[in-house]
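Consider the two complexes below, in which subunit A is the common component and subunit B and subunit C are the respective partners.
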Partner chain A sequence: MRLEIGNIMIKDIQFASKTEVKASTLYIDKDALISAVSGDDRLKSIDVELVRPGESVRITPVKDVVEPRVKVSGGGGIFPGFLSKVDTVGEGRTHVLKGAAVVTTGKIVGFQEGIVDMTGPGADYTPFSKTLNVVVIAEPKEGIKQHEHEEAVRMVGFKAAKYLGEAGRDVEPDSVDVYETKPIFESAQTYPNLPKVAYVYMLQTQGLLHDTYVYGVDAKKIIPTLLYPTEVMDGAVVSGNCVSACDKNPTYVHLNNPVIHDLYKLHGVEYNFVGVIITNENVYLADKERSSNWTAKLAEYLGLDGVIISEEGFGNPDTDLIMNCKKITAKGIKTVILTDEYAGRDGASQSLADSDPSGDACVTGGNANMTIVLPKLDRLIGHVEVVDVIAGGFDGSLRADGSIEVEIQAITGATSEVGFNKMTAKTY
Partner chain B sequence: MAKARVVHYINQFFAGIGGEEKADIKPQVLSDLPPISVQLNKLLGEDAEIVSCVVCGDSYFNENLDQAKTEVLALIKTTNPEFVIAGPAFNAGRYGMACGTVVQMVEKELSIKAITAMYEENPGVDVFKKDILIVRTSDSAAGMRKALPAVAKFALKCIAGETLLEPDVEGYIPRGLRVNAFTEERGSMRAVRMLVQKLKGETFKTEYPMPAFDRVPANPAVADITKAKIAIVTSGGIVPKHNPDRIESSSASKYGKYSIAGFDAISEADHETAHGGYDPVYANLDPNRVIPVDVLRDMEKSGEIGSLFDYFYTTVGNGTSVANSVKYAAEIAKDLLANNVDAVILTST
Partner chain C sequence: MIVITNNPKVRAYFNTCDVQFVDGNYEAVLIKTRDLVHQNYKLLTHPLSGSVKPNETPYKSIALEVSNALDVAGLLLIENAIEVYGKLQKDARTPNWTERILLDFMVIDFDLFKNAVVKAI
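For the complex of A and B:
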C-alpha cells in the first residue's frame, strides 16, 4: 500500500468570503464552515474563532484537535466509518493543510479535557501552540447526556477538518512525502537481511468517554488486528476520548502518528517496518488477557524481530502495556515501550502502576504530575472555570489574578505516549 | 564575602578516639579538629571553613536515638553554622544511619543545608536517599583520598546555591526524583533509535528503569509442622568458636554450613558471632539469641516440630552486597532441597 502525502504549508489563517488556500494562507468563510458542521440538534450553538501561535490566548477545555485533510485519489475518503464509507483507505494521494488545526471546545464534556496556551510557559508543553488553530466552540443543549455531547462535538471536529481539507484538494502541495508498505511476503523478500519490526498501537478503550474508533468501530469491540501504516494517515483511527489531556492522542496525533512516521524514516535501512498491530485497553481482565495474547500471537505470526509498543492513558492501561511487553518479549521479540509517568508532584513515587523486567527499554513522555503556573492571558476561549475540575487541576487552580496552577496533566499533548512531544524525565 | 561556617559530624573511629570499644561515647565537640576535618577544611578553601567537629559513637547514636539526636543537634547549634557535612561513612552501616539522621535533622530542625557521603550499598542510603543529598564514595576508608575532594567540591556547590545537574554528573546518589526535561528529539524517534540499538545487541539506556523488585512469594503454610524437617539460616554471623572459615565481619565473601548435631543448645563455649555490624556481647553470651537452637530442640522433643536439620547455614549480612546474598541464597536453597528440608527459619540481626 502506497500513499502520497501532499503537504500544503499553511502560514496564516484568515476569515474571508470564500474558503480557499492562496499563497500559504487558509481563508475561511466562517458562515459556510459553521453551516458545514451544523445540523446536530443536540447542539445549541456553534461559533468559530481563529488563533495563531504567540497570541495571548488560552483555549480550554480542549476536547479534540483534528488536522484538515482531503483524499485526492485512491480508494475511500477521509475518516472512514464516520464521514466516508468504510472503503479501505491509505492508498493514492491525500492532501494536508500542514500547520493548520481544528480545535474543538465548548462546555466541558468530561473531566479530562485540556488547556492549550498559545504563548507563555504553557505553550512550551503543547504541540498545538505551534499550529494555526481554527477553534470551533460547540455548546450543547441543556439536558443531553455526556456521551451524546461527546459524540456531537467529536463529529463537529471531524466535519470542520473535512470541510477545510477540501480547500486543499486542487492546490499544488509544497512537498510530497511517499509512504509505502508492501504485503508481508513481498516485504520480507525485498529486505531479506533486515530485522522485521512492527508497531503495537494501543488504543484507549476504557469506556465511559474513554473511547477510540477504527473505521467507525468502537475499539473496545475489536480483537487486535493489522493495519497498513498509511491507513492511519487517512483517519482510520480517531479519538473519542475525554482522557487526561496530556497523554491522550487527539485525532491530529493519530493522523500524524509519530511512531509510524519515525519508523518509516529508517525503514529499509536499519529494519523492515512491516506494519501496525492495533490493540485496545479494556477494563476487564479477560479482555486484557485476550488482547495481549493476540498482540503476542500476531507479532509471532508476522515473524517479527522487534516492536515498539505505545500506551494511551495511565494507571489501568499500564497493566495492558506490561502484559503486551511481557508476552511479546516471551516470544523472543525485542520490545521498546513508550509511556509517560505519574510520579507524584514531587517526582518521588513509582511512575507506573505495573512493571516487569522485560520493560528494560522504555521511552517516557515525562512526569504528568509536575505542576506549572500559567500566567493570565489576554483572551480566553471556552470556559476557564473548568480548570478547577479537569484532570490535573485542583480546587484553587484558578487564582484570583487569572493565573492558574495545574499539573501538566491538564495541558493537551504535554506527555504524549506516542512520543509526539519533545519531553522526557530523568532521575535526580 | 565571609567564609561559610561549616560543622563536620563524624564518628569515634574517624575522630581517632577508638574503634568498636569506643562506639558508646556520647556526643561531644572536639577541641582540636581531627586530621580528617583539617584535611576537609583545607579542601574547602577560601569559601568555607570548618568551625567545629562534632563526634558521637555509632553505638551510642543508634541505641539512644532520641537522646543522641537532641544532644548532637544542640552541639551543632552552638557554633551557629550555615552548613553541615556528615561523614563520609563509606560502607559503615551504623555510621551511615547516624550521618543520614544528622543531615535530615539539621535540615528540618535548623533549616540549614547539609550533606553526607556514603557507599551506595550503605543501609543509610536506602533509608535517607529520598530526603537528603549523599555524595557517592567507595566502600571503604581506603577511598578517602578521592572522597574528601568530592565532598568538598559538592559542599561548595551546595553552599553557593548552584543548581545541581544530574546525579551522575555531580557524583551524588540519585534521590529517585523524576524531573522533566525537554529533549532534542521527540519521543517516537528516541524509541526508534532504542529499538535499533536493542535489535543490534548494542547497549542502550532506558529512560525509566523499571522498578524490578526481586519479589519472592511466600511458600504456602507448612501442612504438618509436626512432621517437618526444619533448618536454620542466618545472616547474623553465628559461627563455631574462633570462626574456622574466617567469614568476614563485613562484606562477607562466603557463607558457612556447620553441624549442630548433638547440641541441645549452643553456648558461649562453642559458638560466637563473626558479625561486625552490631554489638556482639549478647550474641556471644548466648548465641541461641540469634539462632534459636535451644527452643527448636525443645520443640523437637515435645513433637511440636518433626526434626531440626543437622546443619545451619550462616553468613554476615553486614555490608554484604545484594548480588552476593542472592548467590549464597541460591546455593543454600539447593543444598536444603537436596537434604529434604521442609521449612526454614531465617534470622537476621
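For the complex of A and C:
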C-alpha cells in the first residue's frame, strides 16, 4: 500500500467570502463552513473563531483537534465509517493543509478539561499552540444527554476538517512525502536481512469520553487486528476521548502519529516496518487478557523481531501496556514501551499502576502531575469556569486575577504517549 | 457477578445483580473490594476504570465473582489501585463538587462500568 501525502503549507488563516487556499493562506467562508457542519438538531448553535500562534488566547475545554485532509486519489474518503463509506483507505494521494487545525470545544461534562494556550508558559506544553486554529464552538440544546452531545461535537470536528480539506484538493502541494508498506511476504523478500518491526498501537476504549473508533467501529468491540500504517494517515482511527487531556490522542495525533511517521524514516534501511497492530484498553479484565494474547499472537505470527508499544491514558491501560509487553517479550520479541507518568507533584511516587521487568526499555512523555501557573490571557474561547473542576485542576485553580494553577494533565497533548510533544524524562 | 459500588446510578441499573452498596467514598469501595479478594472473590473489572482520577471522581464501581482460590493477580491490581488513590489524594484531595458535577461523575462511572460488564450480566 502506497500513499502520497501532499503537504500544502498554511501560514495564515483569514475569514473571506470564499473558502480557498491562496499563497499559503487558508481563506474561510465562515457562513459556508458553519453551514457545512450544521444540521445536527442536538446542537443549539455553532460558531467559528480563528486563532493564531502567539495570540493572547486560551481555548478550553478542547474536545478534539483534527487536521484538514482530503483524498485526491485512491480508494475511499477521509474518515471512513463516519464521513465516507467503509472502503479501505491509505492508498493514492491525500492532501493536507499543514499548519492548520480544527479545534472543537464543547462543555460535555462539568469537570471537562483540555486547555490550549496560544501564548505564555502554557503554550510550551501543547503542540496545538503552534497550529493555526479554526476553533469550532458547538453549544448543545437544553436537556441533551452527555453521549449525544459528545457524538455531535465529534462529528462537527470531522465535518469541519473535511470541508476545509476540500480547499486543498486542486492545490499543488509544497512537498510530497511517500509512504509505502508492501504485503508481508513481499516485504520480507525485499528486505530479507533486516529485522521485522511493528507498532502495537493501544487505543483508549472504555466508554463515554474514553472511546476511539476504527473505520467507524467502536474499538472496544474489536479484537486486535492489522492495519497498513498509511490507513491511519487517512483517518481510519479517530478520537472520541478527551478526559485527562494530556495523554489522549486527538484525531490530529492519530493522523500524524510520530511513531508511524518516524518508523518509516529508516524503513528498508535499518529495519523492515511491516505494519500496525491495533488493540484496545477495556475495563473488563478478561478483555485485557484476550487482547494482549492476540497482540502477542499476531506479533509471533508476523515473525517480528521487535515492537514499539504505545499506551493511551491513565490507570487501567497501564495493565494493558504491561500485559502486552510481558506477553510479546515472552515470544522472544524485543519491546519498547511508550507511556507517561503520574508520579505525584514532586515526581517521587511510583509512576505507573503496573510494572514488570520486561518493560526495561521505556520512553516516557513526562510527569502529568507537574503543576504550572497559567497567567490570565486577553481572550477566552469556551468555558473558563471548567478550569476549577478539571483533571489537574483543584479548588481554587481559577484565581481572582484570572490566572490558573493546574497540573499539566489539564493541557491538551502535554504528555503525549506517542511522542507528539517535546517532553520526556531521562534516567542518568 | 457481585457489584461493589458507591454510585447510586449503578445500584439502580444493576438491581437484578448482587449489589453491595458502599455508603462511603472511593477508597471505601477499593477497601471493600480488597477484603473480598482476600475472601477468594475474583476481580472481574480493573479498579482504575477510566482516566478520571481517584482524587477527582468520588464514585467507583467494581465487579467480582465467587471463586475458590485467591486471585493473586486481582489482589495486586486492587493493592496498586489503593496505592494510586493514596498518592493522588496526598497532592490534592477530592473537592466538594456541586450536584451537577456529581451527576456527571456518576454518569461516567456508570457508563464505563456498564460497558465493561455488559457481556457478564
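Miscellaneous remarks
Please note the rule applied: the second predicted complex is superposed on the first by the 420 of 428 C-alpha atoms of A that agree within 3 Å, B and C clash if a C-alpha of one lies under 4 Å from a C-alpha of the other, contacts with A are read in each partner's own complex, and residues count from 1 in each chain.
Here is the rule we go by: a residue touches a chain if its C-beta (ideal position, glycine included) is under 8 Å from a C-beta of that chain, and two chains touch if they have at least 3 such contacts.
Remember, it's a predicted structure, so these values are computed and weren't measured experimentally.
After alignment on the shared subunit A, the placement of subunit B and subunit C results in a side-by-side fit free of clashes.
In the superposition on chain A, A:121 contacts neither subunit B nor subunit C.
In the superposition on chain A, contact is made by A:204 with subunit C only, not with subunit B. Contact with subunit B, but none with subunit C, is seen for A:370 once the two complexes are overlaid on the shared chain.
Legend: residue contacts after superposition of the two complexes on their common chain; A:350 is shown touching both subunit B and subunit C.
In the superposed model, more residues of subunit A are touched by B than by the other of subunit B and subunit C. The angle formed at subunit A by the C-alpha centres of subunit B and subunit C is 60 degrees to the nearest 10.
Of the two partner chains, neither subunit B nor subunit C is touched by A:303. Using the contact criterion defined above for the overlaid structures, shared-chain residue A:262 touches subunit B, although it does not reach subunit C.
Contacts of A:332 after superposition on the shared chain: neither subunit B nor subunit C is touched. Contacts of A:315 after superposition: subunit C is touched, whereas subunit B is not reached. The least CA distance from subunit B to subunit C in the superposed model is 10 Å. The intersection of subunit A residues touching subunit B with those touching subunit C, taken from the two complexes, comprises 350.
Note for the complex: subunit B touches subunit A at residues 130, 164, 166-167, 174-192, 194-196, 198-199, 204, 206-212. Of all residues in subunit A, those touching subunit C in their complex are 109-111, 146-147, 204, 206-210, 220, 241, 243-244, 247-248, 282-288, 313-316, 318-319, 342, 344-345, 349-350, 353-354, 369, 389, 391, 394-395, 409. If you check the complex, the residues on subunit C that touch subunit A are 43-53, 56, 74, 77, 80-81, 83-84, 87-88, 90-92, 95-98, 100-101, 104-105, 107-108, 111-117, 119-120.
Contact residues of subunit A toward subunit B in the complex are 124, 195, 197, 258-259, 261-263, 265-266, 270-271, 305-308, 310, 334-336, 338-339, 341, 343, 346-348, 350-352, 355-357, 359-367, 370, 408, 416-428.
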